[in-house]
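The following pair of complexes shares a single chain, chain A, combined with chain B in the former and chain C in the latter.
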Partner chain A sequence: MGAYFSEIFLGLWSLLIGLGITFKEFFKPVVTVPYPFKTIKMSDRYRGHIELVEDESGEPKCIACMMCQRACPSGCISITTKTEKYEVEVDGEMKTKKRKILIGWDLNFTTCSLCGQCVESCNKDAINFSKEYNLASFNKEDFHFDLLNRLKERNS
Partner chain B sequence: MDLTIFNAVIAVVIAIAFAAANAAYLVLAERRGAGRIQRRPGPNVNLFGILQPPCDGIKLMTKQLMIPGGADKALFMVAPVLAMAPAIMSFVTIPFSDTIVAHSMNIGVLMIFAFASFGGMAILLAGWGSRNKYGVMAAVRAVSQNISYEVPMLITVITVVMMTGSMDLREISLSQSGGIWNWNIFPISMKDGFMLQPMMPISFLIFFICSLAETNRAPFDLGEAESELVAGFHTEYGSMGFGLFFMGEYANIVIGASLITILFLGGWDCPLGLYPGVWWFLLKIYLLIFSFIWIRWTFPRTTIYGLLNLSWKILIPISLFNLLLTAGLLKVF
Partner chain C sequence: MSGPIHIRKDETFTLNVGPQHPATHGVLRVKMEMDGEYIVKAETVLGYIHRMHELMGENRTYPQVLPNLSRLDYLGAMGYTHGHVLAVERAAGIEVPERAEYVRAIMVELNRVASHLFWFGAFVMDLGGFTPLMYAIEDREYILDMLEAVTGSRLTYCYFRFGGLYNDVDDDFVNAARAFIPRMRKSLKKYDALVTGNIIFRKRLENIGPISAEMCRKYGATGPVARGAGIDFDVRKNEPYSVYPEFDFDVPVYHECDSLARYKVRMDEMEQSLRIIEQGLDKLPEGPIMPKKKPKLIKPPKGDYYQAVETARGSFGIRIVSDGTKNAYRFKLRSPTYSNMSLFDEACEGMMIMDALAMMGSLDLVIPEIDR
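Up next, the complex of A and B:
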């Protein structure tokens, strides 16, 4: 008999505690935002698609060493370069030297798995993750990013 | 009271308008309340979502009414109407204040409970008529639930009727006028001589729980348990068939809150005996409705065993004890 009543009272008490919690929550400010009109700041560790990093002069830090292209398990990075000859003065005489310059940095985001191997492998910290998440399209081509162009557009 | 046909029609139209407006806007209130409790805003476009109910209504009305193959057409069509109509009928006899009542009957309590028992019938017909296994299972559950919760509810009502000596809702309210200490929920009554009614707050609690169960509200919404029965008895209903079930549910909630107010909380009486009127009645029913919403978004759904155990092992013995105690005390004092 005592167990019967204590069960009722303890049960009722636990229900009241639950009601108290939701009543307090009722008056707290909301934590969501109306999405298309307001957005929240993405956290530092958020991984969007990769983006090129610029140096002080606004040029990409990338030196086209191709480490990221080799590291990518999905093969979605393709870097195009061209060799440029230039003259430099060494010990009083002019010499012709060659260097590689970056002319295209294409990311095929349709096959990217966001593993981050490219960012890990980069020796110059020239790529990092963007905070972009509004990625939806009916066209496959919209996910073939030309990161060099994106960098230029960002700077202009 | 002089009741001509014209008066009766006006009263019924007002009752329907009140029920429909409440049903529509309580859905909004429910969703806003759910949102606040879960710390999100809920429907908030155009001034607190004031246009949400009309939009929902238009959407439901323009949809096609589908009747599943093999369903019993007559039962399938009649069930939503049966869910809505008794709720509206009950509004006719509810006194909102001393003078605002469509038709005051001397058996108002009996009438409301007679109509309330149609709710279980509507669910049974909906589940059975739609030829859906989930519907049938939900109907079976809901009927066993409604039967087991009608017993303690009616025993509690008998207790109140015994104390008042009347089945007229207006009389019951009038007998509690004059302040919170005269209300039926108060354990000591000083109305006509000193009287103890120590179990009345518990009776109020029992009646409150039973009205939650009778209106199929969470945590007793076993009839539409989404997680296990798809949508329960209204799985096969779309468009306005579903809309009528929805409106019937909210109209029933208003009826339940009004009954609790009239039977236990003094109807239109002010707690301190000042300015009694319809505003106190509305304030009380909306506070009760808020607590219904609050409870719905706090507790998870009970199991069917827990539900029936609560009724047969706890609510019925306590309400029976209260009935005997009240009868004895009435005899003594």
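Up next, the complex of A and C:
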């Protein structure tokens, strides 16, 4: 009989302790952010989708070596190039040489897993992460980024 | 009290729990044959989010598989990546600088605390208490912020590299981690008073959901499930890897075999993880985070390699069979939750359904890791 009542008393006491803890929490500062009205700043190392980096003249640093395309686990990078012939003067003679020109840099963000292998594999520091994260859309095509165009738009 | 009062085989009905059910924490389906509120027979049905991670591991180069390992278990991703990098480092014979090893241990333990915190919140929510989840998530947020500032990602980190780390930790991280430890200790005391002492919580878990040591051995259960059944096994102690032999920590073991024992093991493990983090921060040496000499293309010599690590859920093993090319010939993942869940069918026979769901919560299931 005594055990029965002591169990009831101790049980009620344990509930009161819990209530005391939750009551104290009422007076603590709010830690949440009312999201659409307020946003938090992303940290410097935040890995968003990738972006091309420009050099001093505003042109992309990318030399189309295809290292990132090969490193990507999901195959979401596609770089298009064309070969151009140009003439250069070597030891007083004119010589024709070939070079690769970057004409398209497409990122299929629907399959990207944000692992950062492309940025790491780049030898020219030509890509980095953007800090953008508000990327919701109803349209699948919105996630096929043409990074070369984005770079031009950013500069203009 | 568990155990059936009477079971009439002729009047049973089938109850489907899942694949979409909040108690299963994912897309796990449990087909239960019920007699009233008592379970006669249960059968877990898997494969709803099978993504062929093992086959992907065989078709991709070793660095390309790295992001996959984080997708196995989204709550404790660091530990799984740790297993992969250790296995490949063992296979290819890559030396790891000391600083990188220490940072790895700190990161894995922080992630273990975060994982256990989320489990704690979800488990109490399974039992009908919503408030502790909010407190647990608040503490977990501190860890995620710390990890995000270093790794750049909140859940699927992909932070470890073969031979080292993606980038170095800074003073901000070290200070934040130091400030976090006393905060977390205070919170653990709060949880103890709020939840562990609670009479409703105890009545629902004490002597309910027995999983014996014998059953754990039969199904290969590891981690907190086995330690709650009195098996003193922790990969960090029994098969030490990385810098774990340098740390002084205990392995909490409880012999009650009930759901409460498994709960207590995890709560004590958080305290032990904090101890490891504290020691790691004190001992953190200066130096490089990547080795000077590292092969450009990782091609392990022919052979069969295995590495086990202790993740938040138990012993995670990774087996790599290499044929000397840049892809693995066989890439086998031994996930702890799969073994831990397998014993559910046998353990829940004759239990009441809400006790069985409480027991399922105490197993700490993460479904993407079972199906993988």
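By our rule, the second predicted complex is superposed on the first by the 116 of 156 C-alpha atoms of A that agree within 3 Å, B and C clash if a C-alpha of one lies under 4 Å from a C-alpha of the other, contacts with A are read in each partner's own complex, and residues count from 1 in each chain.
Convention: a contact is a pair of C-beta atoms (placed from the backbone, for glycine too) under 8 Å apart; a residue touches a chain by one contact, two chains touch by 3 or more.
Given the structure is predicted, the values throughout are model-derived calculations rather than measurements.
One of chain B and chain C touches more residues of chain A, and that partner is C. In the superposition on chain A, contact of A:1 is made with neither chain B nor chain C. Look at A:31: by the touch rule set out above, it reaches both chain B and chain C. Residue contacts after overlaying the shared chain place A:90 against neither chain B nor chain C. Within the superposed three-chain model, A:10 lies in touch with chain C and out of touch with chain B [touch as defined at top].
Look at A:22: by the touch rule set out above, it reaches both chain B and chain C. Counting contacts as defined above, chain A residues 15, 18, 21-22, 25, 31 meet chain B in one complex and chain C in the other. For chain B in complex with chain A, the touching residues are 33, 35-41, 44, 294-295, 297-299, 314. On chain A, the positions that touch chain B within their shared complex are 8, 15, 18-19, 21-23, 25-32, 34. Touching chain A in their complex are the following residues of chain C: 60, 63-68, 71, 131, 135, 138, 141, 148-153, 156, 158, 166-167, 190, 193-195, 197-200. Contact residues on chain A toward chain C in their complex (touch as defined above): 10-12, 14-15, 17-18, 21-22, 25, 31, 43-47, 71-73, 113-117, 120, 129.
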